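Before anything else, here is the set of structures, which you'll find just below.
Each of the next two complexes has subunit A plus one other chain: subunit B in the first, subunit C in the second.
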Partner chain A sequence: MANQHFQIVIIGAGPAGMAAALTTTKAGLETIVIDDQKDSGGQVYRNLQANQETSPAYLGQSYYDGAKLAQSFADCGAVYRPDCTVWQITDMHEVALVSRGKAELITADYIIIATGAIERPMPVKGWTLPGVMSVGGAQTLLKQAALGADNAVFVGSGPLLYLTAWQYIKAGLAVRAVIDITGEKQWRSAIPFAPLALLQPDMLAMGRKWIGDIRRNTELIYSVSTIEIIGQSQAQGVSCTLSSGDKIDIDANHIFLHQGVVPNVNLTMATGLAHQWDHQAHCWRPVIDVTGKSSDEQIYIAGDGGGIGGAKAAAIAGRLAASAIVARYGKPRFLAQLYYKLRHLHYLSIRPFLDRLYLPSADFRLAQTDETIICRCEAVSKAGVNAALASGASGPNQLKAFCRAGMGRCQGRSCGLVVQEMIASHTGQSMAEIGYYRLRPPVKPITLAELASLEGPWPD
Partner chain B sequence: MARLTRTAAMRPVVIIGAGIQGCATAFFLSQRGQPVIVLEKDHVGRHASGVNAGGVRRLGRDIAEIPLSVASMDWWNQIDQLLDIDEGFHRQFYVKVALDDAGADLASRRIQQLHRAGFQHEIWVDRDQLLCRIPHLTKSVFGGVLVEGDGWALPWKITRAFHDKAAALGAEFRTPVTVTSIDRSGEHWQVTTDKGMIETDIVVNCAGAWGAQIAKMTGDNLVIEAHAPMLVITDRQPMFLQSVVGVMGGTLSFKQLDNGSMVIGGGQRGVADAARNLTQIIPAGLSSFVMTAGRVFPHLRDVAILRAWAGIEGYTKDNLPIIGNGSQAGIIHGFGFSAHGFQLGPAVGEALADLAMARQTRVNLTPFSPHRFAGSSRRPLGVKEAL
Partner chain C sequence: MFKSTMPENGRIVHLQFNGESITAFDGDNLAAALLRAGKVQFRTAAKNDPRGPYCMMGVCFECLVEIDGRPNQQACQMTVHDGMIIQRQNAPDSAGKASG
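Presenting the complex of A and B:
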């Protein structure tokens, strides 16, 4: 079967992917948008079209702000392929995907990767117990299925944590407590960047409103030095130590963890694109120019996958990447590009402040106790990783062979940064020197029959 | 004896490459009290030795290679004691199944050919016996060629164990160290690296896919091509397989590890970029051998693949390894295993140690001579492995 070809392949239909498609289709370029969700919107505008029918107020105005973009995207003429798993991009710019049980290869002149962010792992003791999930997961249930749990405890820091706790409260759910791990040190390092953040008064006001409403409706606990989830076979509560030395135990069967988001680099790294360690945001990000062009001339990265900026910055980044590509077809759009560049910078002005304020301290980035699981897929504890380091593993990829951390289904999404930082603190090298796991296709698991379908139907 | 005396002097033998061949050679030399320095440009078992399919088989080997493979199996059968490890070798059986008439025909010709050459280890097993031993096999199987006592090992674990044992016996491993030139200096060799120069009498080249580069530094023009055979590993499944399965006339190697994951390989090559240590997976190639796996085990339709990978390996023109003395005294080559060197590792390590100490080798190494390519580029007919 001949490969399908499109001028533009966009991976991901969040704000960056949708906005990019508006620009490429308007320029008359054949565009396909491949998405792993059932509906466009990405994580931030998840299930927006369905929710608009009843428009529950608890999801907040910033969520419904996505409606216009989603509608324009639906009308723009791009081929939209929901429910697909992209599992590899080859050197030949073939995008390998699985859709409805069948593998396909789609080639492109240009590829825009807009695969967004993932939550930074938060390896506290007991985080693998049933009843514990990420705040992002809790918010997904709220948006997708109007599902929530009473008497939950939110633990961590960052805008998504406050937003979701706020949404919970507005939805009429009882929130037992919000435990905020933001430390004094983070405040001190963030304050110098507050004036720059004032360029985004709406964002700051929104954050203040969330936190104010949380404070009025539930217990907000600050100055925390240790966190532990209690329970044997199911989460039964959170135990935390305050910097004063006091200990607080809170009963809860539902505990939601979050300590910020980082670019989802699994596809971009597996594609072999250049990446760099971002000291400010403490994460890996692809090396891109101002238009999002990666180390591969034909591949652009837009949105949070290229560096965290939030939904509005992502949409502009999508426009910027797309207009740079349109220009390469001989249709320069100098003014539009200049406008997008300035808007993008404007939206990013709050990041230096947020990145510093909500970068969790090393106490929370690294596990606090030996028995804490680091690699969830292979059940490798902190002690297990340390044992591998002691016996001579000198990098993340060697460490895989020594103790299997990072060898499971998630391809390191939930342990990569933790393992890397443990190696850094063991060897004294920088994060950039140590590097990340070598990531391999399939970027997400596909079945044997799906892979074999490139050849033909599975034998009976 | 004069040569032996010289070699046994305290100047260490320099081994280039810490894959299975280099580590096994270091082990045997260290065991005999010979000082050794191993230079590795990356880290131990970084390439083909650490990431191959882990098949430990005599089955299906080129006839020229069988004596070496059989000798190696003696070491595999005592690998735990040899290296102080547990469950180093999973001794099972290895079978190449015939899925059609053509496969069955190939199988019978193969067995006849081996009998003529005096080997009895490969046996034909018919459909019913095979289904009895591997109940999940496709019911349309014709039978298969089987070797009892073949099996598999975890490649990284074994390579690392040879390293650990050699190091414990005194071998010195230097990583990451890249050799930049090898020069004659009077009676000795000077091995120049990015981290200083080492004088030695004996250089053992176990540099795998980079072996030809090293050989060239010693004046030997040996051609190999770097390729990257691809593998996939699946999610864990209930245990159903206690053997390694291949296909007659096709390329497949299929095994289930202790944790229930399956490793599936099949000779399909990805893209190898030896200069940059990079490999690239080719989707169509993966698809092809996964389809073959489906023909053998159709019940695995919905099992998830977690990862695909490829290791960089050196292939010779005739697919037989290069093992033997180079054209200049003191240079010994052991590379170009063409993706079937893992099982040979222990015997090759022993043989290279013998050569380094100017001893008679247990196995005749003539078929692997580095000089065989000098004249006619073709091998004698009849030994090319087609099965």
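Presenting the complex of A and C:
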């Protein structure tokens, strides 16, 4: 079987990928959208079409705002391939994927990577215990399976945490407590950017509503300096110390952690695209121009995968990248591009404020105790990483060889940023100097049987 | 324990988790179905190191179980089917290898 060829291959069917497809198909370009979930929508609009039938109000208006985009996407004429895992993009711009146990190669003129964000790791003692989940995971259960847990404790900071705790309350679940790790220092650094954030009054108002409702319905605990999860075979509670020195113990079997989201860079890094350290958002991001074009002329990156902006900014970024590509087929759309650029800037105006306010302090980015697991896959503790540093491991890849941190199936997604920052604080180098794990395809584990099913020449 | 926030409906299917029979709804996400049944531990990373689903989006690999004899399946990315047999995945597994 010859390779399939499409003019445009879009990876990811969240807001950026869906919106990009609307623009490329309208321009008559053959477009395929490949996604690893069963339905379009990405994480933010997960299971939206099914939820519309019963429309639980507790999911909130910002969720249902995605309905129009999802419907237009379903009607746009792009070939849509759900339930597919992309494991490599080759130098020849072939996209290698696995679908139902079979590998395939799809070639493209242009590729738009719209693989979104992942949650920033939050390594606290006991975070590997069953019953502890990320807030994103808890929200997915609510959206996808209408499941929630009574008496859960939410710990951390950031819009997704407040939104999910709010959704829990609206769903009639008893929330035991919300422990907010946002410190005074973050407020001080964020306040100068509040006027710029006023350009997004709706988003600010929404955040205020979530936090107000949380305050009225559960215990909101501030000014914490340490956090630890208690339990043997599963989570039994949270113990935290306040900056006043007081200690609070809360019984809970469900504890949800979150301290922001960062671009999901595994595919863009493994593809060999240039990345840079983002000082404001404290994460890696691909180097892209204003239209989303990466260091490879044929590859664009749209949405949170290119830098966190949220769902609405992502959809506009998808439009912008797609219209830049359409222009390269000789169909310039100057006005549309200008409009998308301005809209995009407008949506991003709240980020300088949010990024500073919700950048967790080093206490929470780096683990607080020696026994805290850093690399979940290989069960490497903070002490284990420190031992590797003491014996001379000087970079993330060497450290991997010394103590196995980052060697597991998740390929560093749960530990990479933490390990890198531990190296930085040990050696005094900057994050940019240290760099990230060297990532290579496949970016998701695939089996030999799946590989063997690939017809035609193998990618190198 | 996780509970439904909406009225439950759908065709009932039967699963087995570590030999115990569990009911779920047709089309359920597997990790969600197990959590609804009160199962929070899906695997062990080492002796005395129990783990359960963390991210629910395919990123963390904490939800690995053995399904119908096939190891290393991400429960959060799977849909249930009637008669599905699930085993907790106990260490040592082949974690860390890209293939196999």
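Rule of thumb we're sticking to: the second predicted complex is superposed on the first by the 454 of 460 C-alpha atoms of A that agree within 3 Å, B and C clash if a C-alpha of one lies under 4 Å from a C-alpha of the other, contacts with A are read in each partner's own complex, and residues count from 1 in each chain.
Here is the rule we go by: a contact is a pair of C-beta atoms (placed from the backbone, for glycine too) under 8 Å apart; a residue touches a chain by one contact, two chains touch by 3 or more.
Note that the structure is predicted; figures quoted are calculated from it, not measured.
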Should A:172 be classified as contacting the first partner (subunit B), the second (subunit C), both, or neither? second
Partner chain in contact with A:91 - subunit B first, subunit C second, else both or neither: first
Which superposed partner A:435 touches (first subunit B, second subunit C, both, neither): neither
Scan A:77 for contacts with subunit B and subunit C and give back first, second, both or neither. neither
Based on the superposed arrangement, let me know which partner A:60 touches: subunit B (first), subunit C (second), both, or neither? neither
Comparing subunit B against subunit C, which has contacts with more of the residues in subunit A? C
Regarding the shared-chain residue A:233, is it in contact with subunit B (first), subunit C (second), both, or neither? second
Subunit B versus subunit C as contact partner of A:408, first or second or both or neither: both
With the two structures laid over each other on chain A, which partner does A:448 touch: subunit B (first), subunit C (second), both, or neither? both
After superposition on chain A, the subunit A residues reached by both subunit B and subunit C are 407-409, 442, 445-448, 451
Which positions of subunit B touch subunit A when the two form their complex? 43, 45, 50, 138, 156, 160, 232, 234-235, 271, 278, 280-284, 286-288, 290-291, 293-295, 298, 300-309
Okay, in this complex, where on subunit A does subunit B touch? 88, 90-91, 94, 96, 103, 105, 272, 394-395, 398, 401, 407-409, 411, 440-442, 445-449, 451-456, 458-460
In their shared complex, subunit A is touched by residues of subunit C numbered 1-6, 28-29, 32-33, 35-36, 40-42, 45-46, 49-62, 64, 72, 76-77, 79, 95-100
Contact footprint of subunit C on subunit A as seen in their complex: 36, 38, 43, 54, 56, 58, 118-119, 128-134, 136-138, 140-142, 144-150, 171-173, 233-234, 253-254, 264, 376-379, 404, 407-410, 413-414, 442, 444-448, 451
